[in-house]
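Two complexes are shown next, each including subunit A; its partner changes from subunit B in the first to subunit C in the second.
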Partner chain A sequence: MTVTDTPPRARIGRFMAANPLVPLILLLIALLGLLEAMNPGIINRLWLANAIKIAIPLAMLAACQTLTMLTGGIDLSAGTAATIAAYVTATLSPLIGVPAAVAVAVACAALIGLVNGFGVAICRVHPLIMTLGTGLIATGCLLVYQRFVISTGTHIPDFLVWLGTGRTVGLPNGLVLFIPFAVLLIWGQRRTGFGRLLYALGSNENAARLSGVRGWQVYLSLYSLSGIIAGITGLLYLGLVKTPSLSLALPLDLPSVAAAVVGGTSIFGGRGGYAGTIVGALILTVLTTMLTLLHMPEGARRILFGLIILAVTALYIRLTDRT
Partner chain B sequence: MIEPQETPVLDAKGVSKSFGAVLALRDASLRVRKGEIVALMGANGAGKSTFVKILTGVLRPDTGHVRIKGRDSQVGSPAEARRSGVVPVYQEPSLIPDLDVADNLRLGNTRAEPFRHWVAELGIPDLRMDDMIGRLPLATLRILDLARALAAEPDVLLLDEMTAALPTDLVERVLRVIRQQADAGRSVIYISHRFTEIAALCDNATVLRDGVTVGSVPIAPGIEERIVEMMLGADLSHTNAAPLSVKSRPSDLPRLRLRGIGAGPRLTDVSFDLHKGEVLGVVALEGQGQDELFDVLAGNLRATAGTVEIDGRPASFRHPADAIVAGLTFVPGNRSQALLMPRSVRENIALPLVAELRKWGIISKRDEDARVSAAIERLQIDTRAQGEVRRLSGGNQQKVTIARWVAKGVQTLLLFDPTRGIDIRTKRQIYTLVRDLANKGAAVLFYTSELAEVRLACDRAVVIFNGRVVAMVEAADADEPTLLRAAYGLTEKAPV
Partner chain C sequence: MTRFLANNGWTLGLAGLLAMLLVATKMIQPEFGVSGLDSLGRASLPFALATLGMAVVVIAGGIDLSFASMMAVCSVTAALLMEGASDGTSALVVLAVLALGAAMGAINGTLIVVTRVPDIVVTLAMLFVWQGTALLILNAPGGAAAPWLRSLIVGGVALPGVSPALTEWLPKSLVFLLACLCAIWLPIRRSKLGLMFYAIGSDASAAFRSGVPVGRTKIAAYAVTGLFAALGGLSVTMSTGIGEPIPGPYLLAAVAAVVLGGVVLGGGRGGLLGPILAVFVLRLVRMDLTLMSVDPNVTTIVEGSIMVVVVMLGGVLATRGRRT
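Moving on to the complex of A and B:
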């Protein structure tokens, strides 16, 4: 990929700018190559299936970040909403049955999103503050709930275990949920009015307003949708981890932001998309595996992880931003 | 009363300044003697504001010099200009809103005693030093700015539209104080659109045109005409191109009827009718309330007085979406306000099509393609620079802002200075398009800062001065001198 004279480099730059996914996929392939070089034979069908299985909840939670970031926002309560949905499902299933428990769980997550939307859209609170606040409040509510719910034991619905950990012909069953989800999102962000408005609000809120867009409607719907997606992610993650806890999906919160940013979605809004986020989530998953294989102390591993994310993001912006 | 050979207090000569390829000032000069009040005048784009910035040290001139009290002052910063004795009061208040009055004075090293004296003298007796600036009305802020400048005991006071946004009683006090200052030996550079004030207050007028000082005349009765001529220049005959079309207006119900519209301190009382098939020009000097008028009609600002009727039905808008539903679509003066710069031409044009809640679903590709390509073709937008709108030229960007409403369907189009800063060919295309839309039944309101455009694009023009309509001019009579005289409030006629 070394180019000596400028015209080909400019051409590559233009190509990258027009196809922002290409450098991401190249990076992913390079990382896989590196991993294989470090530990020959590691990449086989089983490993791939496992990596995809782990990447799916991350990619789904990163959908919350991608969608809100397109408008220049963020959803820091997504991890909490996912955790609550998982915990409620596990504890209510023995009491009221699986379908009702799942419905209540997703409704709780949706409520968190609705409150976020209300704060951002009506009260004009900055999304960072608003979602941080509701995340903390919801965590508190979960603690209260935990003390009041009579410990009748937990039950993890079978279909969630099947979805979270099962494999069919070598492929993780999670794809049954994830592939339609991803297709819907990638298609919807471009080809529905709602998707267009996310980009419009993130590019220039005032211009959108002058074109007749009522921003509050979009923000309210967006954050509610984000809550629902987080709730569904929580269910899937419950099936993967199989032990409900009060901090189940919280460790995914910041990686989900990182996946969206590495995937090329601008935190200032207006640019990016879900396809990049999926690749971003895969890159983060491969990176985590690599760093685990290095047998480093936890501290050094985290420092390296942070540095790599910064480097990848900086490089990616240089490659694709041609102004 | 002043010896002519005396050294002027301020003497600027041969000043030029360019920004990139744009030559804002070519050869500007200004002389102010001790105790003299000089009006600095010029039409839009004459270079007035650049010149003011150079005089007050905000900008450095490329060539020429500014001498203050005979000393060659390479004015390098506003602070230096202040020390040398030139103290400005700008149109926009320069006080910090989140601090109280006393803190603002401390920041500017203003002594409180003289400041208090001037505030009382200028007619604000009940000011408290711990009032937060952000909570005071605009008129008070301007008085505070002036009092602060006076407290600095300047040699030259530079006042930019000092009386704009002031109620009449305050205007009288301000003018009296300025006169007293001059009698006490201070000099004043007075910038204003109001000829009556200039006639009452000033000793001389210096006129800028196209970045050149074209002359300086003593103020005497009847001098207004001479000043207008100087501002316009002699080569007016060239711009008297044949008007595109002047058609008789239908006498039926007007599409848009405004009665007594007021909003904010600048827009006080505007009434006119706009008919289907008509292009109505709006002519006004800067800051006469036209911005607020368009914002009110676009649903971007609530009117505080008056009524709007659309096809005979009263209308009021809480949001631009309401105005759009009522058929009023707005192209703002600042393109960056209207465009999604990082998005494609298509998404920019199609934006209003998906704005409403019931259009949030699947976009019909066929319908969108048809509308977008028809609009692109109609406006002849150069889409060779495919992709992001920010890569288009200014003219093409402007076309995109209009194409958006063409794609949506135009009933009443509100254009705010749509041809500012774009090339002549694009301008012509826009005139043609506007006429074409009108011929197909649209009503168009067309504010322009270029007076010559009224004849080229409009059927008639309403002239706004000081927040109210001062004249209604038919396109055939809308030559530049007529419009400029009206815009300066020199031909107060009964509003139509």
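Moving on to the complex of A and C:
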């Protein structure tokens, strides 16, 4: 076997398939170069720190999508869970103190995840439907809850503001939370039994079941974990935006799916990983900045955003398709 | 007979549920009658058309997340072109909008077939594209609807030569819906194309080996969905009188009604009658709760819970059925 008789495109394809991160990082660098060419001098330390600060909540919410997509699922209630956690923290802090409020908030998000897990694991409902449904119910609950606390006023805990907007030596403080989180996930998805079970169930559920995997236990813990991650993201986002609202993290919902997809996680399960998702979230953040700089009408910006996601995914699938 | 019952058990159950809800409505609100039916029909029309469109594409094994945005594009195009137009021109506009819808659906389908990216990702990206298009066409709600279109769905049916007492209880909007269904879905269902939709939905590679042109059939299915999106967008413009560039809550409701109506996500099984009944069940529940003067936010919770509990029950029953 010689290297020379394979056509170059196939060779590139094979290399890309073996190292899916490489094309993504190349794309990110190309986009940064384009941005610099469009607006010379924009890329400096301040801008980079700002871009990372904005990308962190998106990347964390996309973790929910990555993990559930590995098993062939999706979590469309993540944005709602994040919003609820943020709103509950902000409104309960003046009433019962910060630690208790945070605990209640994360518990609410975990409850949403647990209900998702129950539906997907025990009742075998399609995750898309189940998470859409719980998202709808949770939004209704939030609207009802809001009427009881409308007079209490809001308080945003100081450490969340520090985490969300503060900077230490030029780097956003959010990284204090995000780096251990990302390391834990990337380590967990490949090196722990739970992580491998996700890939196993996503590749072939029947084979996994016949090898003795209790699928329902995995799904139940997976969706609860996804809910908890969404809740923590909501807390971080609250510190970043600093005004609680009833639709705080909802605009992040679909972009979080896009970040995971652009990052190379297969929506049918079994392929991908969190490292790609992080790069995907950065790519989306840079894209948004670029489109804002272009001074286009809002409509044209959305069209470009959609087309770019489609083009990136199509190109990626072309390059890494092994068949 | 028992086979008929087994095959249509889900649809019959939904019909029973709908009948029970109608009786319950009559008990809650003794005056519920002709005008109540009329407003129910008109409020359900965009939802019903959205559900029909979604059901077609789900049967063919796909899903269209860009549906509500396509409706918005059709709605604003119709409203913009119809403003101040004569009756003849507005009829042409209706035809043009229908063609536009089918073309948008065909674009979605072609992109899926050509790029080989999963349906859900392509239509997610197209959701942004169509949303942007709608905003470019019309930046804020505006435009107008031709009066004859409006009269098409408001009020009861009046047939010449038949005493109005016999027909006026039947809302025109319901007749409009059934006409759309009969004109579009029945010919397809009876033809080879309909069979091919079911074939690629249940097993694409088996269908391919039996000689079904999978790619072209998929594009056709998306085009039919786009046609329903155009009808849905038109019905929004018809009932509100303006074009609305921000998509309504139709995507979620359509997916919910499709599943509640017994169409299996993943394709190949289910019909269009079940989803229509499901739309009316969901709308009627909402109306009953409003009549009982329940907080509208609680109504959202109840609606979501019904949807989730029903699909959960369906899932449990399906697992049981497979075991025995």
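Going forward, the second predicted complex is superposed on the first by the 314 of 323 C-alpha atoms of A that agree within 3 Å, B and C clash if a C-alpha of one lies under 4 Å from a C-alpha of the other, contacts with A are read in each partner's own complex, and residues count from 1 in each chain.
Everything that follows uses one rule, which is that contacts are C-beta pairs under 8 Å (C-beta built on N, C-alpha and C of every residue); 3 or more make two chains touch, one makes a residue touch a chain.
Everything numeric here is computed off the predicted structure, so don't read it as measured data.
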Considering only the touch criterion stated at the top, classify A:A258 as touching first (subunit B), second (subunit C), both, or neither. second
So, A:N19: does it touch subunit B (first), subunit C (second), both, or neither? neither
First, second, both or neither for A:S247, with subunit B first and subunit C second: neither
Using the touch definition from the top, say if A:F194 reaches subunit B (first), subunit C (second), both or neither. first
Looking at the overlay, does A:L310 come into contact with subunit B only (first), subunit C only (second), both, or neither? second
Who contacts more of subunit A, subunit B or subunit C? C
Touching partner for A:N39 - first (subunit B), second (subunit C), both, neither: neither
Considering only the defined contacts, which subunit A positions touch subunit B in the complex? 18, 191-194, 196-197, 199-200, 203-204, 206-214, 217, 270-271, 323
Mind pulling up the subunit B residues that touch subunit A in the complex? 298, 300, 319-321, 324-325, 330, 332, 336-343, 347, 350-357, 359-363, 365, 387, 390, 404
Which residues of subunit C touch subunit A once you look at their complex with the stated criterion? 63, 111, 115-118, 120-122, 124-129, 131-137, 139, 252, 255-256, 259, 265-266, 295, 297-301, 303-305, 307-308, 311-316, 318-319
Show me the residue ranges of subunit A that touch subunit C in the complex, using the header's touch definition. 74, 119, 122-126, 128-130, 132-134, 136-137, 139-141, 143-144, 147, 254, 257-258, 261, 267-268, 297-307, 309-310, 313-314, 317, 321
